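Notes follow the structure.
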């Protein structure tokens, strides 16, 4: 039984949510090898939508099959699997009840001319597919950010009323933000905080750099040492209601395994709740990916 | 991980259900000490509604507290806990994610003048409370049976559309049925069959006696030996689409522990899917009840 | 391709229906061994609801399994299979696209105190299960007949708007009707006519006897010879808008095979559109039932 | 073009109706041989529902076919054809645009135990079938009269909102009314008045006798000579808002032709708007019926 | 009976769909000369909308008549016929039940100023017209792509709930895509993948060239030989969930018959599910078109 005091403590932070939403958060928090630790690893597979199938899967051909990802998330003992509508539909029957799923309800693609996403799934879809949560991306900084915020406001209100949880991917992008600024510490913390203010149960952001983008914010960051990634993670956790909201960090593009492990140690040490890691797993051969995920689990358990 | 081939096999029988409903059935089937075996023990606590609080709980005072029952079902490793609206509301927050729950959406009481029940919960309630299923009682034989059937038709259609499962308590009562007839083999099999035809995912009936009530049916039962309870259970299983639907048996009023164990052995040997056992647990002291439930688990596992 | 001029001619009679409903009628009329002949054999399995499982299936145990009936209807090359909600749900996935199905949307049972039925399925159910039609029973003569008529008016209007067909089982029963009267020629013709006036696409009645029940109607039947069953069938066909509506006849309780064959010859010779035959098939061993159905097909084809 | 000053004058009486409803009344008033005269003959064929097919049609077999009646009404140059749902559906495609139709939306039958009717059609049906009006029967005096009134209130409100007209068949029956009383002058006038008060555009009543049923009303009828049928018709017309509402009279059971003609002359002379005549036409051979209808037209035109 | 193991295998991939949608997919897969092979040929006639009537039909005048196309699809034994609302309405009554139809629910035209389409049909239309599926075009790359995706999300959710299938035409167009890029292999595979992620049951794309458009994707295509069309088809099939979704290829503008045949062989050899072929049939004389379609059938059957 993975319903530990740690999980109970985390759920108490969601004090305005109904028991249905708490139960779905609990499902994610108690599932898999990290079940009960308060940490989690989530497999997201929306790269096909974002970058196209070949860029996503050609390097590891079995990954063209949606069942591959379900099975990977299950075999690796992850906490949840997140994907767009069609990908979940292609496996939700076979894998019903085997792993919590998150329906990614909006999606972008490489050719989009606007810094925005299309709403491609609904709360009703999430219910009929047995999902524990919906996932939604916002682009703070983009010209369309108010529209995106209003979309997730409406969808998360509906999700909460039927006992689902809401995960917000908060990715600063567009508008006046510089490319470097998208990963800036102040920007990342701000983006995480807005997701929390929008009512997200789980917040997904990128690991921030030590760069400070906003002139107005610079003063607030003076005098502290942000060179350590764990310190930056801790700052983002603080921005998420001082740890009252779960925050997970994305790994970004494929990279060398040791870098992935170091990121996880920093997330752990900074008090982050875990990793949401896609390309770094499904773009590796299955055995290699499983070995990497197993090591990530051990890191989050504090075993190495 | 309790998602065994046995569970997958059972889920395949629910071939018209969406993945959400399958996932909720899977949650019940994979939870607790019997998780993965295809057998289950469910704790139902609607006695307070049916018989009043003192008749139900005075013999074991801690049972006045709804948390007592949640904790009992969790500690005993049962598959699910079923109760009316208020009772679930009183504990759904504390125990969110710890055990699958079934919202009993209709209820009778000792003073009712009609052989019927009031609809006291909804599918929306079940969603906000994080339930895996709704539970509904029908009284085949009663004058109001058509009304009851039309109520559950509407509620189970709604439940199925949002990924919940439906449990039907099918208790012959009223009309021309004799008291002895309510427990008759032919009557019990018929009641179970009607629940299946109404679209129930899990059917709950009483353990039938060897009595045959209906004259028209007598011929169909001739020439077979119905003296063994396991044979009678097997007949009811057959009436549930030849085993394509899960069927659990209620224990009835409190009785001596060995009788409870023998019932379980007969249910197991007849191919039934388990017990739904209320008074026989919560009307015993907690330690005694836990010991009894533990032994029931071992019986269903075939260990004794 | 079974879309014959005969089928086109029949469809033209449904001149107020939309193409969706016509297409579903065509599916029934072109399917199976009688496809294209304008005749049909339908397998209805609602005996479990009406008489209980043992009385229905004990004589041929494999028939406890809902898949048995789907497979029987398919293997025998019948035009359609009709059953209540739960029975269709138990096989609609496996057999999707293999045979037209009719969702029986109301059902009675042996213990009912009223001469009425419960509405146990909906048009939405029929759509999600891929049915070609809904089926509904009315009891002309019963005290509740107006209520039943109003239920089918609402359901068939909804069915027609979404392109489904409506089959009405019209069984005189209750009120002042004598037992003999339920099968009387005048009563049967009247019951068929009311089904037509209610907007049924296919009308199902029992084979009438030569008895005339209503004193007021006696005069209208004088001077003709009603001793031949084919003549009585022809009269019922006339009552169904002079053949503008499809009418099929039920076989009643199990009986000797030659009687079943003679019934079919009379239906054929009287211009009826076929048989709806349940107990006489599923209460026989499978091979025997298949042989009987094959011979019925040959009879309807005029081959014997 | 039959849109005469007379028609315009009649339409002006329907001063709260929308132009759609007025246009449909105009369609009836301008169609056929009596088009433009302010008089009308309507063919109603609901006898099959009320009395069964054989009692209705055996005497003139072609009348079993719904097309027969459409064609009769068209060939005789009548103003409108009224029938229940199934009968209109069977010909509405073929005869679309050839004659105004009235959907009879409630129906009784010979076996009904209540003095009431089932609602068997809807305003939506009337629209999709291209009808000019709905027709509804009330039984003033019956125990269920309030329910019937509430049904027509709802249906005629809906009809008016979509531009259809409402015809009320007002037939005193049931309760404390004596058999003789059902045709009494005071009763008939009262029944017609209630139909007018319920918002009917066209009122259909039976030709009243000179009998006065209600003691309380007797005084009001004293001192006048009611022996002439035309005088009784004039009294009914007065009860219909002093002629502001169209009122037509039914012919009752089949009878000798001269009696039918005399009735028409009395209706004409009393200021009634015409006849609604069923059995007296379709229970005669077609040529005879056409000749009778032609003579009725001449009578209403004042030509004989 | 064309319900082969191959069809059953394909249907199993649609594991989140209800039996109604599976039955409609089965209808398409079992109909016509290719019924049961897992391959299909679909006749789409939306050229009149896209290019105007003269450009579409002047070369073969009988094709101005919508019945011509229905009859062609039926006589050629194709799997389905797809067209916009008015074109289906013009023949759906006559051809009801003779061939599965697909309602094209959005349409563009030659004068449109936006790279988008108007929604010109609905799921309700598809039901009343007896269609098996809706068809929808998206233009990945266009400025309005998010709006188009949101439209089909809503319509396909509704379609799935009532048992219809969804076909997505995915045609890269607009935005930064070069003309050559619209047919590029990487672009076509990406477009097909997005249709799958949006929940399409059947995906329609153009046969891709060997050109690679996206710089970011170039690396993923390196080292493989894309000169063979069959290899490119196989890549697109992979992008459709590794073959878990049906994918058919359009033939493009009219061309020489041998080129059409070679395309079909390549589609077949690459594992594609068939052709959707419009102009190449209806812009040829009927006999020539039938001969061509017959040869395409033989090619898909592997007979030449």
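In this document, chain identifiers A, B, C, D and E correspond to the written order of the chains, with residue numbering beginning at 1 in each.
Criterion: contacts are C-beta pairs under 8 Å (C-beta built on N, C-alpha and C of every residue); 3 or more make two chains touch, one makes a residue touch a chain.
As the structure is a computational prediction, the values presented were derived from the model and not from experiment.
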Among the listed pairs A-E, B-E or A-B, choose the one whose interface is a repeat of C-E, with over half of the contact pairs the same by residue number.
A-B
Taking each chain's centre as the mean position of its Cα atoms, how many Å separate chain B from chain C?
36
Gap in Å, rounded to a whole number, between the CA centres of chain E and chain D:
56
Measure off the straight-line distance from the CA centroid of chain A to the CA centroid of chain B, and report it in whole Å.
39
For chain D, residues that touch 2 or more chains besides their own
none
Line, ring, star, complete or other: which describes how these chains touch one another?
other
If you look only at chain A, which of its residues touch chain E in the complex?
48-49, 51-55, 57-59, 61, 64-66, 84-94, 107, 109-114, 116-122, 124-125, 128-129
Residue numbers on chain E that touch chain C, as the complex places them:
1, 3, 7, 11, 18-27, 29-30, 92-93, 96-98, 124, 127-131, 161-163
Under the definition above, what is the set of chain C residues touching chain D in their complex?
13-17, 140-141, 143, 145-147, 149-150, 153, 157, 172, 175-177, 186, 189-190, 193-194, 196-200, 214, 216-217, 220-221, 235, 238-239, 241-242, 244-245
Write out the stretch or stretches of chain B touching chain E in their complex.
15-16, 18-19, 161
